[in-house]
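Each of the next two complexes has chain A plus one more chain, namely chain B in the first and chain C in the second.
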Partner chain A sequence: MMPGSDARRKILATTDKTAGPLAGLAALVVIAIFLLSGTYLSTVFEDVLIYAIAAMGLDFLGGYGGLVSLGQAGFLGLGAYGVAIAEVHGFGPWAAVGIAFGVVLGAAAVTGFVAVRVSGITYVITTLAIGQIMWGLSYQWTSMTGGDNGIPVTTMPSIGSFTLSNQQDVEVTTLVVFLVVLVLLMLMVRSPFGLSLQGMKSNERRLRALGYQTAVQRYLGCVVATTLAGLAGILYVFANFLISPSALEFSQDGFLVLMVILGGMGSIWGPVLGSVVIVLFQQEVSIYVSRWQTLMGAVFIAAVVYTPGGIAGLLRAAHRVLHRVTLGRLGDAARQEPAVSPASGGDVL
Partner chain B sequence: MTEFIVQTINGFTLAGVIFLVSSGFTLIFGVMRVTSLMHGAVFLLGGYVAYSVIGALHNFFWGLAAGTVAMGALGLLVERGLLPLLRHSEFAELLATLGLVFVIDDVSLAIWGGNPLNITLPGVLNDSTTLPFHGIVYPNERFFILGVSVVVAVALYALLRRTRVGAIIRAGVDDREMVSALGINVRVVFSAVFVLGTALAGFAGVLGVPVVGLAPGNDVTILLLALAVVVIGGLGSYEGALLGSVIIALADVYGTAYFPAVSYSVLFIPLVVVLLVRPQGLLGRRSMA
Partner chain C sequence: MTTAPTPDAAPPPDAAPGTPATSADGEPPALEVTGLSRRFGGLFALRDVTLSVPAGARFGIIGPNGAGKTTLFNVLSGELRPTSGTIAMNGRNITRLSPPRRAALGLGRTFQITRLFTDLTVRENLTLAIGGLSRSKLQMLRPWRSYRSQQRRAGELAASFGLGDRLDLRPAELSHGELRELEVLLALAADPAVLLLDEPAAGLSPAERVDIQELITRLPASLTVVVIEHDMNVLREVVDELAVLHLGELVTQGATEQVQRDPAVREIYLGSGDAGSGGGAGGGSAGSSGAGAKRDADAEGAGEQ
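And now, the complex of A and B:
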């Protein structure tokens, strides 16, 4: 062994641990700058964070637990309609938020049983059907939902002078909620619950043989995913002043799945990156390329075919290559060591 | 009473169209285990292709043929070009066909625009008949659609039950490995099934225009109806698709007529219940997981 290689390896090991969080922090700073820039990009990044919350929920159950929902937009709509309908019926904005969150929790508690019963493709189809039930109600039950026109929301919650009718205050609120969700998910993924959820994805039978109640993991995972979608919906309605059936359409369910797959399943940052890409596609690329949806579909198919780990997987691979190049200078002995543990994401595909 | 009878006939016409779509979907899933989310988009695109061909040649039947053949060709392209890249992952196949939905819908929007289009059937088919009971006047085109659906359904049944090809396909549904072990080229069978499935969707897309229209968004409705049909009937089951089509179509027309506020949503409640209680469907034999 070459002298000094221990020290080198120590440094490399430290960069291994810090590279991810550092990149995350950098991404966060960039997003915060755009969000609070006060330009029109503020509203774009408001949408990025709101969809990122719903997508992170989708990824928590899909990427870590292996149950991918194609009805997530339906629950986003449930949260948004919960607020709007409560306000229409004379409740104050805070009460409306409380009612909406209660409804979302109730719906999450019920749909959790779906995750207990079915998995794989059947779970995708079941959630697709549930999402369509929500869309159908929002579109057809006009006396309750205003049908195609939707419901405008005019009264915003406020604490003192901090009010959600102020654009900047909405941005700050969205950012704070996003950060809280991010930290909670990071803690949950590392918790025994999160770890057993990941174990369930790779080999459920074995986990059951070890004495884990996998039904409980599935149930709780689904409750977390559904609640995050509803939470995103509550933010959505205050950011957009309006909720209409278009937010619950099949294509919206699809976009959320696109975000997770494109960004990278089974990683915390993947859905956030995916949300940045998809929202920018929708709101920016669409200005220059009229067939942006074709382009997006093609990019997505290419991602499914060539990079099952998504953007996060690509970044991890790049990091691995970089690592190997540096490690190569350490000599043969060091090369025997496994450089980085294999990526946890992507093996759903 | 008169309205009820009309709704019932409407229901069976719709059942015919839905059966054509779902039989293709269920065949593809049954034999290949591919959940083709683009099935609704193929249905819509078939109708659009026919619309343009009819505009150029002024003949409905050329349009019907063109829509069918074009969608069969698209199926061949996807089955040979895209699916082999997906490592036989059911989930990757589902996602890739979801990506194709965005592409097909967007390209259709670019070519045919967002306004609803229509296809009129030629000659006597465009008239109406006064039925001998209750003096109901009913458009001939719908009887034609129902009749053609029944003929295709019988032909499909004969193909699946009475021919060697059908025996291979049914065997493929039951045990893929065994079929290939018997020296049958499963690759060819897969391609044939996928092409047959998408061609059926294209055919239904042209034939169904007078029933469901020709407009963006129809693709999702049809995909969901087909999913409801095949899940309720049992994925991969021909008889199940037949039974499911009638149940879903009747539920749809009665619901739209009598409970318009919830008609669409109510369609999917049985789907969710069946998936949770009996995931193999009413007539399905094996679990789809």
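And now, the complex of A and C:
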């Protein structure tokens, strides 16, 4: 063993611990720069963050808990329509936000019971049905929703001179809400509850034999996921000044699931990266390639085949390779260190 | 045939921790099964089984393939509802309780086919098992790693079974023997009063079987242990009382020695012509019965669903 390798290994261990947060911070800075740049890209990144919130919620229940929802866009629509319809009925913007959030919480409390009752593909199909019912309502209940035209939202909430009719203030608000959700979810997946969600996905029968009433895990996980979709919807309506049935279409449910799978299921960062890729495809690549959906499909298939862990999995693998290369320089003794196991590598990002 | 607990297997005075305060007449049996039946369509997997496991006992349940052993465990742990009959634990009727409720009352079980959290590390597996009955399990904002006493206990449990340096590995990286040990550890982690072990030695090599036997011997004396086995050789050393199941019915229950001499049992076990398993001959077929246990596992596993 060469002299000083202990010290170097210590440095390596420290880099291991800081690599994830540092990479995350760098990504955040990049997103914030684009978001606040005041260019066309600002609105693109607004959408990135809004969809990321809904996708992270989807991943919390799907990637960690194993219950994948195909109705997430319906609840995004519920939050957005909640604001718009309340404003149409004469409520002020803050009251409208409160009403919309209340409606979302109520809907989440009810759908939670679906999660308690059904699993696997049945859950996928049931949530798909719920999402489609909401889309159908938004499309056909014209007296309430304005039908195909949707509802424009004209009055924005404000505090003093900080007003959501100002583009930059919407961006700041979106960023702050996104960060709060991100931090909360990161805490949750590391908590005993988050661990039990993962245990439920891994082996629910065993978890029950250990004393967990998994109905509670299912219910709370579903409430969190649904509430985040509604929250994203409330932001959506202020970012777009309009909510119409197209936001609740089945393709939107599909895009949210794509974000999670492409970005990496079971990682909080994954859906954010997935959202960046998918929104850029929708809004940027589509300018240059008219068949962008075909291209995106190809990218998706390649991702599923070559990196089952999504972009997040790819980054972890890259980190492990780097780790091994660095460790290799420390000589044979160091290479045997158990720290190279996928388990410890997986914790980093 | 129904038998009362034999006098020589009477529980030690400090047995049955977690016994509800309601226990009226002294020491109720840890498990009391009365007239238990479970039917799948026209087939009785269990028919009118009545047995009683004294607190602190080392109790074995044996029987050939298809005897209904795993069905009995699934009914005891609450995963299957009995068609008729009752189950009482420490004097309390638990027939209608769900598996988590039974776990909360101190019933732990292992599975014949290893059922671990395969996506999680050994440490995470143990943390889940330790936290199952704690109030912290619904805590959403505090990291599970920050629960020091739980983490210390996870480390101690792993170390006590030689898994101390395996804490950060996932089940896929463990040997088969280590997986079986972890399977038992998960059930032990919640500090149960009654532990059901479903073929703990299934698929193990003769050397690993000895490890599992030692593991059972080392369990705390106050713990009531019920072990299912297919192969009497594994049980002879570790249990003091045996029940024999055959085609869903209880053939006999009694002290190990006495049951081994029972002609009806010898008939069931030796009738097939397998010279290894019965009373005295003992040797020989550890390897082949290992393979048999494996087949048994596959067959009953398919039936469980």
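Going forward, the second predicted complex is superposed on the first by the 336 of 349 C-alpha atoms of A that agree within 3 Å, B and C clash if a C-alpha of one lies under 4 Å from a C-alpha of the other, contacts with A are read in each partner's own complex, and residues count from 1 in each chain.
By our rule, a contact is a pair of C-beta atoms (placed from the backbone, for glycine too) under 8 Å apart; a residue touches a chain by one contact, two chains touch by 3 or more.
All values reported here derive from a predicted model rather than from experimental measurement.
Overlay on chain A: chain B and chain C fit together in the combined arrangement. Look at A:Ser37: by the touch rule set out above, it reaches neither chain B nor chain C.
When both complexes are overlaid on chain A, the residue A:Gln168 reaches neither chain B nor chain C.
With chain A as the common frame, chain A serves as the apex of an angle whose CA-centre rays point to chain B and chain C; its value is 80 degrees, to a multiple of 10. Put simply, more of the residues of chain A are touched by B, taking chain B and chain C as the two choices. In the superposed pair of complexes, A:Val304 makes contact with chain B only, with no contact to chain C.
In the superposition on chain A, A:Gly199 contacts chain C only, with no contact to chain B.
Touch criterion met: A:Gly254 reaches chain B, while chain C stays clear of it. In the superposition on chain A, A:Met188 contacts chain C only, with no contact to chain B. Residue contacts after overlaying the shared chain place A:Leu210 against chain C, while chain B stays out of touching range.
Minimum Cα-Cα distance between chain B and chain C in the superposed model: 10 Å. Those residues of chain A lying in contact with chain C across their complex are 184, 187-188, 190-196, 198-199, 201-203, 205-214, 216, 220, 338, 341-344.
Taken together, the chain C residues at the contact with chain A in this complex read 77, 79, 98-101, 103-104, 108-109, 111, 115-121, 124, 127-129, 131-133, 136-145, 147, 165, 168-170, 173, 186-187, 189-190. Remark: chain A residues 68, 113-114, 117-122, 124-126, 128-130, 132-137, 139-143, 249-251, 254, 257-258, 261, 290-291, 293-294, 296-298, 300-301, 304-305, 308, 348-349 touch chain B in the complex. Every residue of chain B that touches chain A in the complex is listed here, in rising order: 35, 82, 85-87, 89-92, 94-96, 98-103, 105-107, 110, 220, 223-224, 227-228, 231, 260-265, 267-269, 271-272, 275-276, 279, 288-289.
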